[in-house]
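By written order: A, B, C and D. Residues from 1 in each chain.
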Amino acid sequence: MTAASALPQFPWLTLLILLPLGGALLCLLHHRRAEECRWLALATTAATLGITIYLFVCYGQGDSGWLLYEDAAWIPRYGIRFTLGLDGISLLLVLLTAFLQMIAVLMSWSEKQHVPMFFSLLLVLEATLMGIFLALDLMLFFLFWEVMLLPMFFLISIWGHERRHYAAIKFFLYTLAGSMVMLVALIVLYLIHGEQTGTYTFALAELMQTDLSSQQEMLLFLGFLLAFAIKIPLVPFHTWLPDAHTEAPVAGTIDLTGLLLKTGIYGLIRFAFPLFPEATRSFLPVLGIVALTGIFHAAWAAYRQDDIKRLFAYSSISHVGLVVLGLAAWQLTAWEGSILLMLAHGISTGALFVLIALIRQRTGTRNLAELGGLWSQAPQMAFLFLFFSLASLGLPGLANFAGEILVLLGTFQTHPVWAAIAVIGVVFTAAYMLRLVQGVVWGPVKGRPTLPDLTPREWLILLPMAVLVLWLGLYPEPFLRPLHGAVVNIMAGGLP
Amino acid sequence: MISFGHALAFAGALFVLGLTCVLLHRQILMILIGVEIMLNGASLVFVAASAYWQQVDGQVFALLLMAITAAEVAVALAMVVYLWRRKRTLVADEFNRMRG
Amino acid sequence: MNESLLFLILLLPLFCAVFNMLFGMRLPRLFTEVMAVIGVAGAFVLTLLFWGYAEGDGSRAVLFTWLNSGTLNVSFALNFDRLAAPMTLMVTGVATLIHLYAVGYMREEDDYARFFSLLNLFVFAMLVIVLADNLLVLFLGWEGVGFCSYGLIGFWYRKLENAKAGTKAFLVTRVGDVFLGIAMLWLFALTGTLSISAINAQAALISPGVVIVLSLLLLLGACGKSAQLPLMTWLADAMAGPTPVSALIHAATMVTAGVYLLCRFFPLVSLSAVAMTAITAIGALTAIYAASCAMAQRDIKRVLAYSTMSQVGYMFMAVGAGTVAGAMFHLLTHAFFKAVLFMAAGCIIHLGGGENNIFKMGGLARRGPAELFWVFLAGAVCLAGLPLTGGFFSKDSILLALYTYPDPVYRVFWLIGIVTALLTSFYTFRLVYLVFAGEWRGSGHPHALPLLMRWPLWPLALLGLAGGMFNLPAFLGGGEALHHWYGTMAGRMLTASHDVEWMLAGLAAAIAVVGWFAAHWRYRTYQAPLENALSRFLLSGWQADALVDRFFIRPFNAMALFSWIGCDRTLFDGSLEGLARTATRCGALLLKITTGRLTTYLSAFAWGFLILLGWFLLKLVEGGGH
Amino acid sequence: MSLPDLLALLPILILVFGGTVILMAGAWYREPLPLIAGGIVTALLGAVAAGLVQPPVVEIAGLFSAGAYARFFTILWSLLAAAGLMAAARYIIENSIGAGEYVSLVLYAAAGMALLSSATHLLALFLALETFTLAFYILIACNRRCTLAAEAGIKYLLMSAVSTGFLAFGIALIYASSGTLSLPEAVIKLSAATGELHAWGLLGWGMVLIAVGFKISLVPFHLWTPDVYQGTPAPVGGLLATGSKGAVVAVLVGMLAVSGPVWHGLTDLLWLLAALTMLVGAFSALGQKNLKRLLAYSSVTHMGTLLVGLLCQTSAGLTATTFYLVIYVITSLGAFVIIASLADERGEPMEFDQWRGLGYLHPVRCGVLALLLLSLAGLPATAGFMAKFVIFEAALQSGYLGLVLIGVLSSVISFAFYLRVTMLLFEPDESVCRWHTGTASEHAVIAVCTSAVLLLGLFPGILFDLIGRILP
């Protein structure tokens, strides 16, 4: 594993983590002046986005190997090092994080309750997410993995809606239980590696060299998989997601769908698969079938939802099921499709949640029965709602379709039956999305005849997302290029 | 000469007696007396052991044990007086305002 | 002009659609309407200009790479060849006339920007299907068309039934798209490419069994879009949309996309006899089914919708009988006279003040403008297939193809074709008599017809009547121009002895006349709609909707409820909350031990001592053991 | 007691004589502040002495060791005493408790703890243990106005009297079976001896274990903990929760460090105790409605985890236990001092509905309390996680997978009830009333504790090297 470049270059990655943390600290210090906190948070997220775009522009050529690599000793006694690495996959996810975080800040502009604390928590969340997508030392990854839960927990429990306490505690404990099991598996792996090679370290590269008996490897793999399965979420472990979604404030929901689900999948790609190659190979069929049931189960459950936020929670589970199906197919196109779909889903569902929040602010309700006739009340908002619903429906030419078709084409090469069944899933997705659109946009006007349409600030939020959805749908090439090198390496079991 | 086993058995019996006295009685004073008996049992074992091993450590320990027991009793009785003045009762179970 | 300008045909309607969508409401109404018409007329003119490029094996134009991952490398590519050119011409031509008509029809509508942008977007999507070079771009057009029809059917969204009809259309076509999607995935897995010409070239290499399944998948995909059995329930309800929409989408263009798809993949499909018979069977069954339903309809647009379904069934039979030229010939002529019929129906509804029920019309020949009657009659005559009309020649060539097909079973399909022709002419003239003959049975007084709603009908009516010239059969001295135009892609050459051809032509003509007389005998004097079980059965389209509801929608609802309440709420959540409850309950149990009384604490001490003694004795025994 | 011995005992002598001087001064000079200040200075002086003075001789009269290990803990306990006094300053003044007695008792307790940590002889162990227990008897019930304190006092007194009985009898049996009172030899003899004497020795160690079990509140003997913590005033509670438990664990770690893995006979009993303690502590804390009782049960769980560390008997295990101990001491002290700083004439905020929504009136302290509680639970980036990780790593190394899984379960449950408290703090509630703003000294102690928790959470290397050096 060669360091990207000999001369110590500017520590971009550490900056990516420390900048939001610094912003969070400043927000806390300015707790007197709420207005200032807003601008401070916006400035921090904008700066972070700027950096990620710069990294994307000058490192996005898809050459394999670490695009950026930073390493420093942290706790030498236990071989824990502060190592950060950026490759194609994490570059895209970091970009998505920075973008969605800025949207989250913009969306919480009108937040009145304890503003400094809110924005500092958001920025801490951004820092931890960056940490997860960049960490290469397993202990550093675990640290960011658990600390990520805290800001989200507070966001849900303090600024959430009616059943926020239940949802917050359920979210935290469910994910924590999984990650604790992962911690035990992590330590056992660390000890086995230490006994075999004498060097006790948590570095991903070394730990991949430990040769484990098949039974050991499967157990450890299941330990890791449990934590990631709860986070993704795969079907039996997904019941925390709808509650967390419906009760979280809009900024929290955007982060939850757009980013926290992706950390689970990223964990699978970066840590679970490379560390336990044989166990992964033998487990792929199970993963595929679980993903398939996830797609259908979530789509069917979504069809019966009345609360539109809960409906989108189930829709996220269904989309993520398709992503995991792509991974389970273990095929180059399917993998690149999965990662592209992750990106597309993050943006399209994020935009839809923004719109739901706007609708809730104006009509005061999220219940499908009380909504209707939005097109005549607020045509611009209705148009965008239709646009993003079509995107998440998988209409060709929009973001999700590009990802989905790549996943399906790739999966068909190795598992034709899975791909065929997944295509049938598309009909159910269409079923609940159209029911939603019909309930919200079309139909006779319920409630006030006209609603205040989108304000310039809201346009500033939604327009870039619409442009991105179109760009990803029609010309995803610049986003696929960084993936070519990274995906080939991971699937070959090595490390870039 | 009393064999070491007999001394131990006797001290053990003394200890168990003290323990039962502690467990059965309601009054704080009786519990304290029970504790004293247990401590005496312990010092008896010390003396017997020091005789058996022909060392003076056991006896030193027994003496210090008496000193410690005295100190403890002093503080305990002070506490008993303090409690009597406050609650006019010495039944141990009266003091159950903190529970759960 | 080089090939890449071909994209202009596509981009012009797209640009106008986006322009209307964004600035439609802010600009004066005329500007939007003009932009809309220019968008489509421009495409029409460009197609004419580029006609030369279609000769030979056509010309390909590539814009930029769309998806490039691993072995997959798909780009936005167009293929303007001999099959695509006439189709593009028809689509853009008919669309231009319908746009003009729509300007007049949607005079009072205030939400016109959305209408015209969606209409333009539809034409763009249809052109993408027609001109697509690879399956992915075709799929883009395919779903785009589905969305536009969803948007346009549910255009008057304030009435929830319209929105529901739109959703139903989108969902049923989506079911069809699933089959097309699976076929696409399979083809890519087999041939490693998505380009249609490459697939057709490698078609021979694919094993016969796979070819059959692939063709059936393509057939089901086509059925979804062309409203053939078993995915036909959405077309009747699609009439909820404005009439120009019905005219353009559900008569001329979208419903024929399925036929076009099969013609595009004809080299692949024609390899398997089983698939060909299946296509013919589906076409025949749908034709007879739709014709029978059309006889009992009361709404003028539903009659025409079922008639479209039946005529598209004919086109499927043509493809099944191996003659692409025959199918395309009927497709083109049908597009003209069905568009005329729909537009005329629009005028009739307009005159009747929005009344659709043909039993509440009548006597329009005298009440309305005379030319409306003649135009409608022209369309009706073509539809019924009276001799020398465009419809007659195109339908006759299909019947000839069925008759002369080597496989004996095609005679059965031929017979069904003849019976359907009879029913067709009957319901067509039933329509004519009920609407135009007798006295005005409706309420309200006739509105004046704006010029734009009358003028565009004539060109199409004439084209419908003179449609036969495109592909005049040999025995009448015709040059079969269309067949030669398609060349290799035209499919089987219909060779039959002259007397067989004369016999068939005579039979067809006789049937058309018989159908006319039957309608004349039945509807000369106004007869109230007969209310018996058969008519109700036919009216509801053989209870198709009820069947779909009982076998698909109700089980799906139950399944959805089970997966939400059953699995999520009780199973997963239940087990979690059960776990939490047991934890708190045994926590409370433990708290009962700390009773606050000192004696219990001391007894706990004693229990600890007992455990130690017990363990100690165990150790002693164990110690003594070894 | 030659001069070198005295020099070796210098820090403890400073504490004891300082305490006595302040006690005497207290009789004439009633003004509390100077006395408390004197007490703090003495404690700090003791810590400095322990730190700087290099004792010429390592062993003091065979009773105590003055090695690096003992000096480390002497520094820790004297700093703890200083912090305890700073935290108790306002409490003493407002409740008019005899400043002289309070300060001297705290200093004696500190001296007792330091002696216990450095004890290498059973007699020294017994004496040191008794000194600070006696000091705590009085400290717990020193506030005459508070009835709960008296109840807590009597409960603690009687329970520890019984445990002293067990301890004495245990040591007697050990002496009887091994003939020696020196700690390392007694332990080695335990594993070496066979036959009947071995049996008595085993029973002796078992009874010592019971006494230790009482002191660090292992499960069957933990029932006193919630009542005593609830009853005692927060400053004393801080000392009791950290000091008395810490010293006992320190002596066990010191003993094991010298003698090496020796507890073969007792391991399965210890395994049962550790598992039971962790689980019962966690489950009973779930249903709690009072913060101090919750802290008591959580300290029971932490002692269970410490026992897991002790059970490993490897150098990694001992380092882990020491690290965990230091972190636990700092975090618990911080938590109790925060409660003390909020106390006012209405007493201390204990019930959950007194805490609801307090985060908005006292944002900084409640934020810090939330951080400390989450560190107790084991949230990464705080020292608590590193401590738990190190213990789990040591336990897994010596193969106690079962215990680690129970540890994981108990830490998940502990997250549950800690989260409920943190959520409570920041739940908007109108009816909440403002508590005391706290004095500068309390804020200082809180600041030190929090920064230590965060610093050791992010850079635990510092403490690891220190422990590496002091453990033989």
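One rule holds for everything that comes next: a residue touches a chain if its C-beta (ideal position, glycine included) is under 8 Å from a C-beta of that chain, and two chains touch if they have at least 3 such contacts.
Everything numeric here is computed off the predicted structure, so don't read it as measured data.
S.K.: Between B-C and C-D, which chain pair is linked by the larger number of C-beta contacts?
M.R.: By the number of C-beta pairs in contact, the winner is C-D.
S.K.: So, comparing each chain's Cα centre against the centre of all protein Cα atoms, which one is closest?
M.R.: A
S.K.: Measuring centre to centre with CA averages, how many angstrom lie between chain B and chain C?
M.R.: About 97 Å separates the centre of chain B from that of chain C.
S.K.: From the C-alpha centre of chain C to that of chain D, how far is it in Å?
M.R.: Going by mean C-alpha positions, chain C sits 79 Å from chain D.
S.K.: Taking the mean of the CA coordinates per chain, how far is chain A from chain B in Å?
M.R.: Roughly 65 Å, centre to centre.
S.K.: Indicate the whole-number Å distance between the mean C-alpha point of chain A and the mean C-alpha point of chain D.
M.R.: Using C-alpha averages as centres, the distance is 43 Å.
S.K.: When you check chain D against every other chain, which residues touch at least two of them?
M.R.: Residues 154-155, 158, 162, 166, 226-227, 287, 416.
S.K.: Give the residues of chain B that touch two or more other chains, as numbers and ranges in rising order.
M.R.: In chain B, 19, 22, 31, 92, 95, 97-100 touch at least two other chains.
S.K.: Quick check on chain C: which residues sit in contact with 2+ other chains?
M.R.: 591, 594, 596, 598, 602, 609
S.K.: How do the chains pair up in terms of touching? List each pair.
M.R.: Chains touch in the following pairs: A-C, A-D, B-C, B-D, C-D.
S.K.: Which chain C residues qualify as touching chain B in the complex?
M.R.: 591, 594-599, 602-603, 606, 609
S.K.: Which of the residues in chain C come into contact with chain A in the complex?
M.R.: 64-72, 136, 139-140, 142-144, 147, 150, 154, 157-160, 163-164, 166-167, 170-171, 174-175, 177-178, 181-182, 185-186, 188-189, 556-557, 559-565, 567-568, 572-573, 576
S.K.: Can you list the residues on chain B that touch chain D in the complex?
M.R.: 4, 8, 11, 15, 18-19, 22, 28, 31-32, 35, 38-39, 41-43, 45-46, 48-50, 52-53, 55, 57-58, 60-61, 64-65, 68, 71-72, 75-76, 79, 82-83, 86, 92, 95, 97-100
S.K.: Which chain C residues qualify as touching chain D in the complex?
M.R.: It is residues 583-584, 586-588, 590-591, 593-594, 596, 598, 600-602, 604-605, 607-609, 611-612, 615-616, 619-620, 623 of chain C that touch chain D.
S.K.: Mind listing the chain D positions that touch chain C in their complex?
M.R.: Touching chain C from chain D are residues 154-155, 158-159, 162-163, 166, 198-199, 202-203, 206-207, 209-210, 213-214, 220-221, 223-224, 226-227, 265, 269, 280, 283-288, 413, 416.
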